[in-house]
């Protein structure tokens, strides 16, 4: 039995406190691009390893660096001047039983594939250079992986680390998340191809007023001139408002691309739909947490989950597990209004034996009667940790 | 007058909650190295710009990537096999009035200097390759900087962003911070040169039991054999215990290098004193927050302060200001036991006009009578924001 | 009037000396790839500059480095493991009248285009990483270029340098050149897609015996097994023999892929048709001279023509001009059997005023009566040097 | 017995022909730097391999790329702005019996050492970035090397290739070589520290007039102003003249830094003594041949010897052997005035069994009587080829 502590959330709801701040960096933000490429590479490596030897072998490709390019955006269509460079870094076994594996090729291919699908105005053949910088890593770890994966042993925690999660999202969290998702949905883009993917949403609530500040890159070839830009900006702004207003009873204001200076024709247009084309750099782990948000009024882990190996990396598994557990508790136990989960590992111990699983509840009534239910869910989730890797491979978590 | 909200911390102290987690990545940790090199480069650039034109010009060198090398540590002294590579990335004006400035040379020189002073067993001439990858950035920003710096205008916030801070440190926070500082102090190192700089301290409190888990790299040429290692490990462990025990009434256990397997001669020795030599990569912004700690039970910002320009970068200025403000309030107003500060900027507005400055107090008695004092300190700190850059140049903040 | 010296070739013909050695590195050889990419980039830049400001601006992109990849070729089709990396280096103006030009994008695009057309089994999207490393170079040179190109002045020699050429090819030179051209022709490849582009031909004549040693990469997916390989090898060998035998009365032997060891299934198959995929690196200027051959028994310049600017770079212009002049003299003056031309520049003087133009003739009869005709052709060619750039842009020279 | 052909040089001496061109790129020329670093790395690797396993293992580090930096030279002392980057590329076994060897560290260390000793005004810690890009290469070759080195078998030629050499140097060859050597001698530098190492000497003889054009970088911190520069330039020019005049009876003119424009203060000063600091790139194999010169009127090989493995690489061994053989024949057989040697290998055959060794003599009298002596020397040199590697390790050849 895991060491599960169940307690009370004994402070007012964040959503009832006077101020709240929530942020989400959308698909095309340089940090999100790095997260995505790291995670996609981890998935691709995991699949390659499973094909080659039936097991996911050691890898941690959780460091990436995107160096912004130079672009010359213009109404009607400008051009890239100097390409974006992306370093994909970390450890990945590149030889199994004497056979050299194409980990670098895979890194390039996977990155191109994700970029093509997700940043369609970026021409991967010439606007971006992928530098795969992968080293094989320690041989000891290979043996460990074989034990876990091939013989079915429970993986051991690779570190003393922790994960945190909370549920449910409150109104401003939901708004920030859903506004970005709506603006970056395939359906919306089909109708509004002039909207790029680099969409950053920052929500600040001041008592009952919610200000949603959006920085969204437009794609120059779909915008004729400043007037056209301003018209399209209003369309986007209105749509964001409609999405947001549906999710709260509070007053919402939308501020879109506030740094624009239309009189000087200085507005936020890009060639590719992402600010990575000119000036903005990115890294893994500098953006959204595993629940898709940045929430300074909530407990957060600094762990970067993207790119880490899904079998034994505590920072990846415990954060997603804590979030999952919180969501299950809230959805399955009616009386629970809100829950925070903290999971702390012990290095060298099975991942199913955390130092502590600290669960804090906000309930309608007494905690007492619910403890067993909560504990049951928690234990199930913990017992299930050795299978979490499958969910990562199926992209079941938000993760970034 | 700034929009200052003063409220109550209406939940039990973190130190009285059943579980608490605190972490600190020491000087030689790959993430900390990246933070340090980014920040040192920002300081060096700021000084260069001031010499060249009397003002700090635009720069943000807040992205760095350290790719671990390959090493062959051995008792008595091993060797590096393949060097560490460090990419220093970002924007930095490299031309003023037609004169090309040596920003790349400065990056290399500054990095070498810091590494020599702080990781003395690393031979910078051959164990590390510095890749300066700096681009000049936008010309618009240059004009802005001239206005702020040469004409004395208050800088405008470059982003909608926020900073958070709290004070004072509780016992486990103090322990985690001070144990690393003690082990990495020049005095201690003089007596114990076998201890490297890559020291990660993780504290987990479970009610009244504090477990301090330390991962500390030893330097191979000062360690004769396994027995010698084990003896020296005990010395370190005992010293860490003595430091920690003095800072709390709770029960403390020290766990040092728990992954060691001395029977197989597998212990944590390194050639250089940092795990960056073999296997561990690093980035800016993935380690300690501006107060020197990672504290998932406290509000945290994900903003990386290191390397950002100290004049108008909100993510840097507001985080340090919030921490400073919190520390002043606690130290100057006796009745305040604890304080959390949140500062939120408005993009395009003067940095002295935050959207909100949210201050939450835990007081001995009523808040009412203290509000004016608190507001006064807050306003002073806010008024003083345009001068914060000087403190960055003088390394007055912990920052990482 | 240029300083034209006309003399006699007073030694026996190379083709009548007992030994002769001639070599050609074919299209897919790593050195030839580098030459081609450098030259294509120079052409693309020249066109870009002409579009942007009506003149070819300063550039010299005559340094390139190809770092071979890692491949796993297999009968029926293997795979690339780690990509080829190509650094394209040199100087190229990247800003005209304040407008930043896309020189890096152009480098990538041009390289991809050439590779796709010439090494069709290489998938440029993932088997190769292009690193454009271009620096703007000196501003003084920009002004010079404007004078030459916009005002029609005769360019000044950028260096004290020289060019050499000879005509006609003797039998073994013709064989070495034509065998590679035949094997790499589109028509031949259509019928024989299993033959790659990396074809190196070395001819050694020992009195009247000519040994043609060919190293030719096969493409694995078109070859079933060793037997199939050996059959196809015979086809190629026979074809090379038929091409060669038609070009000489001497005895010819063909040796194809002599390092093969078919019993151990060790034969020269590749995934991509070039040895660059695994093991072989390349550089500009290490392969064929501007006449397409390496001829140690003939005078040679070490100058790399590929990638140099076509307006004023002596090393490029004089070598092609000397070859051209030699070919014209031989073809237009019946009595001339053979000619060697040496052109030496004076740095800072117009390119139409060489220090010396040294012409050595082998004639049927007396030189005397031919001198005027030779001088006329030479003077015409020299007068025409300022227009040579057009021929480079139209790819009128062999060049590599 | 080797296939040795002995014939007659049946054309007038080059030194008696009307025109002759000879060039030498001095120590600090970017191409020479590349040659030197490649060769020094080969020597260092050879020594490392011998220490580790008693034999020189496979390596070919004969590709290098130097990308020029940016500098701001000034009378009295300027500064570097952006560093020189040097890629050292090729193949080198990096693991022997499971032990990883520090080939990258060695590359950095060796490069720094050579640069410090030979370009003293270059601060290797910040003016230059060394990128070691070495790949392990083929395993088959390792076995071959073990056979040659450990079991004493004669190495097999790795390629069909050739080497050429001639002796003795004529007057202009001697002048070009000795002028550079004199200007770059330690003794001369001690007295004249203002002279840099990047000294290119081009000699053009027009009948009995020899023009020596020298481009020589001056070191800015040792030069006060233009007048001082002009004075020092005269000193150098006079010294070069005195060296040259002693070596010929012909008329000699010295032209030093002819592109200088002193009225506009545009003269050839540098911070570091090499043009690599700003603008000039370099590669291996683009400069001097193994005899230290570039001689278009003599037979030349395009083979780059620098960096190649000294055990079995024909391009390296045969070129130096041909030069050596030519020098011995001339010095040991009084009647021989001049000799050209061509050596052609057979791929896969022992290096002591060339396809042909073609020796052409210019003698005072009849060849007949000398043939035996010549053949004896040639055979001795050929028999001795398997030991040539020792001379490379002892730097017995000029090589560049």
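When the chains are written out, they are named A, B, C and D in that same order, and each has its own residue count from 1.
We take it that contacts are C-beta pairs under 8 Å (C-beta built on N, C-alpha and C of every residue); 3 or more make two chains touch, one makes a residue touch a chain.
Keep in mind it's a predicted model, so treat the numbers as computed, not measured.
S.K.: For chain A and chain B, what's the span in angstrom between their mean Cα positions?
M.R.: 24
S.K.: With chain centres taken as the means of their Cα atoms, state the distance from chain A to chain C in Å.
M.R.: Computed value for the inter-centroid distance: 51 Å.
S.K.: Centre to centre, by mean C-alpha position, how many angstrom separate chain B and chain C?
M.R.: 56
S.K.: Going through chain B residue by residue, note those that touch at least 2 other chains and give them in order.
M.R.: In chain B, the residues touching two or more other chains are 70.
S.K.: Once you've mapped the touching chain pairs, tell me: line, ring, star, complete or other?
M.R.: ring
S.K.: So which chains actually touch one another? I want all the pairs, not just one.
M.R.: Going through each pair of chains, those in contact are A-B, A-C, B-D, C-D.
S.K.: Would you mind writing out the residues of chain B in touch with chain D in their complex?
M.R.: Chain B reaches chain D through residues 70, 72, 79-83, 100-105, 108-109, 112, 124-127, 129-132.
S.K.: Within the complex, which stretch of chain C touches chain D?
M.R.: Per the stated touch rule, the residues are 5, 7, 9-12, 17-19, 21, 63-65, 67-68, 70, 85, 87, 89-91, 133, 135, 137-138, 140, 160-162, 164, 202, 204, 206, 211, 213, 258-259, 266, 279, 281-287, 294, 296-297, 299-302, 304, 342, 344, 347-348, 355-356, 358.
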